[in-house]
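In what follows, subunit A forms one complex with subunit B and a second complex with subunit C.
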Partner chain A sequence: MRGKILHAIGLAAIVVFTLFPFVWMVMASFKTQSDILASPPVWFFTPTLQNYVDIFADTKVSGAIVNSLIVATLSTLLSVVLGTPAAFALARYDFRGKSDLWFWFISNRMTSPIVLALPVYLLAMYANLLDTHLVLILIYLTFNIPIVVWIVTDQFKSIPPDLEQAARLDGADQFTIFRKIYLPLGAPGIAVSAIFSFIFSWNELLYALVLTRRNVQTAPVVATSFMSGYELPWGKIMATGTVIVLPVTIFALIVSRHMVRGLTMGATK
Partner chain B sequence: MTFLRLDNIKKNYGDASVIKGVSFAASKGEFVVFVGPSGCGKSTLLRMIAGLEDVSEGQLYIDGKDVTYEEPAKREVSMVFQSYALYPHMNVFENMAFGLRMAKRPEAEIRAQVMEAARILQLEALLERKPRALSGGQRQRVAIGRSIVRHPKLFLFDEPLSNLDAELRSQMRVEIAKLHRSLGATMVYVTHDQVEAMTLADRIVVLRAGLVEQIGSPTELYDKPANTFVAGFIGSPKMNFINAKVSSVSGTGLRLDHPALAGGSLGVDTPAAARVKVGDTVIIGLRPEHLTVGAADPVLSLTLDFAESLGGSTQLYARSEGEPVIALTAGRPELKPGDALKLGIAPRHIYLFDAAGLAL
Partner chain C sequence: MSEAMRAAPTKPNRGYGRWTPLWFLAPAVLTLFLIGIYPTIFALVTSFRRYNITRPREGFPFVGFENYVAVLTDSTFWSSLLLTAKFYVTVLPIQVVLGLIVALLLHKPGMGLLKSLARVTLVVPLATTYAVVGLIGRLIFNRDFGVANQFLSFAGFGPVDWLSTPGGAFAAIVIMDVWQWTPFCALIFLAGLSMVPGEIEEAARLETSSKLALLRHVQLPYLLPGLTAVMILRSADVLKLFDMVFVMTRGGPGSATDLISIYIQRVGFRIFDLGTASAQAILLLIITIVISRLYIRLLYREVQ
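Moving on, here comes the complex of A and B:
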């Protein structure tokens, strides 16, 4: 009994610890500047939508959110479209250089992004791609494809090979096997990797800061841009933060249904 | 007419040779069973017929056509897997319809074929269910249904009953036999269970270590095993073997010595007597079910270790000089461990093998 209580207290502490910054951000986004700066902190206040009105009146924020949506959606979509066939090949075929390729996918993520920031900037400049959606999508693909390939390869490997062979006898070609057997059965893994890709692309700051100027600034870049000047407009920063977090949360909720679905239960024995 | 022909088929994995040259032919409508201990290559052979494994050497013909290098789907064969291999995300109907959809058949025909198969296998009530909502026996039936909807030239079964419990297994065995009769199709069935082989097969191919030991009807294998391996593998409980020494040869008569034999020796009459000489080892094979307790003219003189009553019959475990002997006898003989046990057998039920294990 005592153990249970301690357990509950421990869990509660973790929940409070992880959720508090989020709650604080959302609360602050509804406060006036003086309420935010009040000491001791104000817990009960008259909520105001002024911060939201302000940031949406500023086309910079809404434009940035549209940019973020374009970049994150396309890069997630592309990494799934390109990554899942690669995962299928890695999971089911033996070919020369397979382990090297596998290692290459992993080593891609070992490099610290800042190391590559300058070379990537120069490349983008020479290719005339600075301040375009394309350059961000391309650079995010280099992060997202390995994520998709890792997670989905593992998922595909767990699909019994008998299913593929049964499908071959049923007359399905490789592409049909991939589309009709592996994609539906790998959906949970694909969903997880899509969430990761989307969240990464949505939140990425470093490359977005380096590679964009005015036209293609993404939401995190704009959020930080408030932090210049003499006074910090906390309400606007927090409102922008809330608006940034919202789509990711909704997206994660939508795809998380696929994650809990029973995987290959009932396929064999 | 030969429908399925294997011509010196071999399979190598690198340096390891798994199938070492199997030749065999089956006629249309025949039920052929590949049987053998695990690792004998029977499943590999089946998968080579299906086209799921490449043939390293040799030729394979189905319905007169060389299909050695043909794609699996073009061979018009279907296979029931040991694991059933049902598509878990499709319901029973879609599982059975998958092959027909791949063949781009019209929807009405697909519907008709699947409903027909569902009727034969009593799956009509389950068509909307997903595989995970089915019992083992039902999944098995769906797997069979999936293979019959396409009317393949050849049905392949890879140990289809090994995941089922004993009762369901014998029930499904009967259903498969019935299906074979009603479809009149050629079937190749792999199992390690000699009871399945005996009850289902028109012809049995006994395999060991990638080689054919014997091919024949179930009764042929039982009555005339080619060697001690087949003799021991077919029949349950296993045949008893006694390594005896030839003490005299006269015309067609042989005298064999072994301490387990009543009076220390046994005289047998066999045309093979000409092929042995005094001092040779001859293996005497005696099936447990042929041995009789309390015969007037006993062949074996043993000591009883223990007896297992199976209700209607009793299994006796006896020994003499280290050679264990099992006898299966009707009724419940009044015997207790340590008792002397005299067993008789009809002379026509005595099998003889040479020292290498080949039938004499």
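Moving on, here comes the complex of A and C:
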């Protein structure tokens, strides 16, 4: 009995510890400035929607969310289009240099964005691509393609080879096999990898900070930019934070079973 | 590579030509080459030049290893690497211990509904935009109206000036990192625990009532691969860590939270000394490649 109570307390503690910062942000987004600045902090207050009204009236915030949507969606689509054929090759063929290719994909997961941010900044500057959606979409492929390739390869490997054999007897070529058998049967894995790509692109700050100016600022950049000056608009900041985090949290809950696989590139199953 | 070749005995009819894999791989590989490798080579070249874009009139002459010598004799570079190491050895044990406790609680039979709820909530910190974690940190650790100081006062302690004292700022980024990444460790350990064959665990439970003995003799072997993964991945993540710390402290006060990625970003994009920053980035890349090699060597042996 005592064990059960301790178990329940422990589990409840996990929920509280995990959700508290998130809930505290959401609460602050419904507070007036004076409630937020109250010392000691207030836990019970009359909620206001004013902060949300303010940020959606602010074209800077709504524009940034649109930018984030454009960049994350297009980068995700591109990485699926480019990554799934590569996953097919890795799942079905043996060829020289296969393990080197793996190594390269994994290294991409490990590398600090600052390593690429410096040269890409210069290259984009010379190519007049600074502050465009394109440069962000392309640079996000450096982490999106590896994640798609990894997860989809795994999924493709689980497709029974008999299906392919049968199709081959019917005279199907490799591209037809890829399109007619692997793409439809691999769809769940492709969806999971797409969601991960979207989450990673949506959350990215460093590249966006360095490679954009006024026009293409993404949501995290704008949220961060509120953080300068003396009288910080805390309510607006927290409302913006909530609006940024909410969609990716929902996506993450959808793929929660695959979370570890997505974050480790599958080293632990 | 040798394994891949051994695994490919020449089958009578493979149904595809020698170059078929290439057609499927080419789009992804070419793209990654263009956006990943080419800029890296560009950074390598830049690292051998004097390259300050605020002074274009001086041109960008090649200076040999001058930048590397400057970086390797720069005490700030070393102290920020050291600080990154200190951050790693501070957060890792906390995350491993807390993560293990969480995993054991989630693995224990019973409490179905509450357990599912706890399991699902673990995903929330992992998905939270890193920059927003920093914003939340700024709110929670505010000296005047932060809730962290309220908790301290409940416990009978006086207020702490978290973000403007070196020790406080370091503690604050440690706490936010522990919040965000403990679930990651917990989920990995949970996966390890669920690999223990049910019969063995049950037999052991009948044999001994000591939870510690069970952990040490039955569960530990299944937890070790996960622990290795956590140690390596977290080290790479700490070297990458930028967003949360940048938003919370910008590396300050002074250089109290000046982790390596923050420092290189400042040299490159505040001082605009891109030659030096590129040399630093290349050194960081070399460290990362060593870590990745280690990761593959230790964890991907069976996969391929």
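Basically, the second predicted complex is superposed on the first by the 239 of 269 C-alpha atoms of A that agree within 3 Å, B and C clash if a C-alpha of one lies under 4 Å from a C-alpha of the other, contacts with A are read in each partner's own complex, and residues count from 1 in each chain.
Operating definition for what follows: a residue touches a chain if its C-beta (ideal position, glycine included) is under 8 Å from a C-beta of that chain, and two chains touch if they have at least 3 such contacts.
Nothing here was measured: the structure is a model prediction, and the numbers come from that model.
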Contacts of A:P160 with subunit B and subunit C, given as first, second, both or neither: first
First, second, both or neither for A:F196, with subunit B first and subunit C second: neither
Which of subunit B and subunit C A:Y207 touches, first, second, both or neither: neither
Touched partner set for A:Y52, first subunit B, second subunit C, both or neither: neither
Which superposed partner A:W24 touches (first subunit B, second subunit C, both, neither): second
Partner chain(s) touched by A:F178 [first = subunit B, second = subunit C, both, neither]: second
Partner chain in contact with A:R168 - subunit B first, subunit C second, else both or neither: both
Partner contacting more residues of subunit A (subunit B vs subunit C): C
Overlap of the subunit B and subunit C footprints on subunit A, listed as residue numbers: 168, 264, 266-269
Interface residues, subunit C side, partner subunit A - complex: 1, 3-5, 7-8, 15-16, 20-21, 23-25, 27-29, 31-32, 35-36, 39-40, 42-43, 46, 53, 101-102, 105-106, 108, 110-111, 114-115, 117-136, 138-140, 144-147, 149-150, 153, 176, 179, 183-184, 187-188, 191-192, 225-226, 229, 233, 236, 239-240, 242-243, 246-247, 260-261, 264-265, 268-269, 274, 277-278, 281-282, 284-285, 288-289, 291-293, 295-296, 299-300, 303-304
Subunit B partner contacts - residues on subunit A that touch it in the complex: 160, 162-163, 165-172, 176, 180-181, 184-185, 262, 264-269
For the subunit A and subunit C complex, residues of the former touching the latter: 4, 7-8, 10-12, 14-15, 17-19, 21-22, 24-25, 28, 36-41, 81-83, 85-86, 88-90, 93-104, 106-123, 138-139, 141-142, 145-146, 149, 168, 174, 178, 199, 202-203, 205-206, 209-210, 220, 223-224, 227, 234, 237-238, 241, 244-245, 248-249, 251-253, 256, 259-260, 263-264, 266-269
In the complex with subunit A, residue positions of subunit B that touch it: 50-52, 72-73, 77-79, 81, 83-89, 98-99, 102-103, 130-134, 136, 139, 146, 150, 163
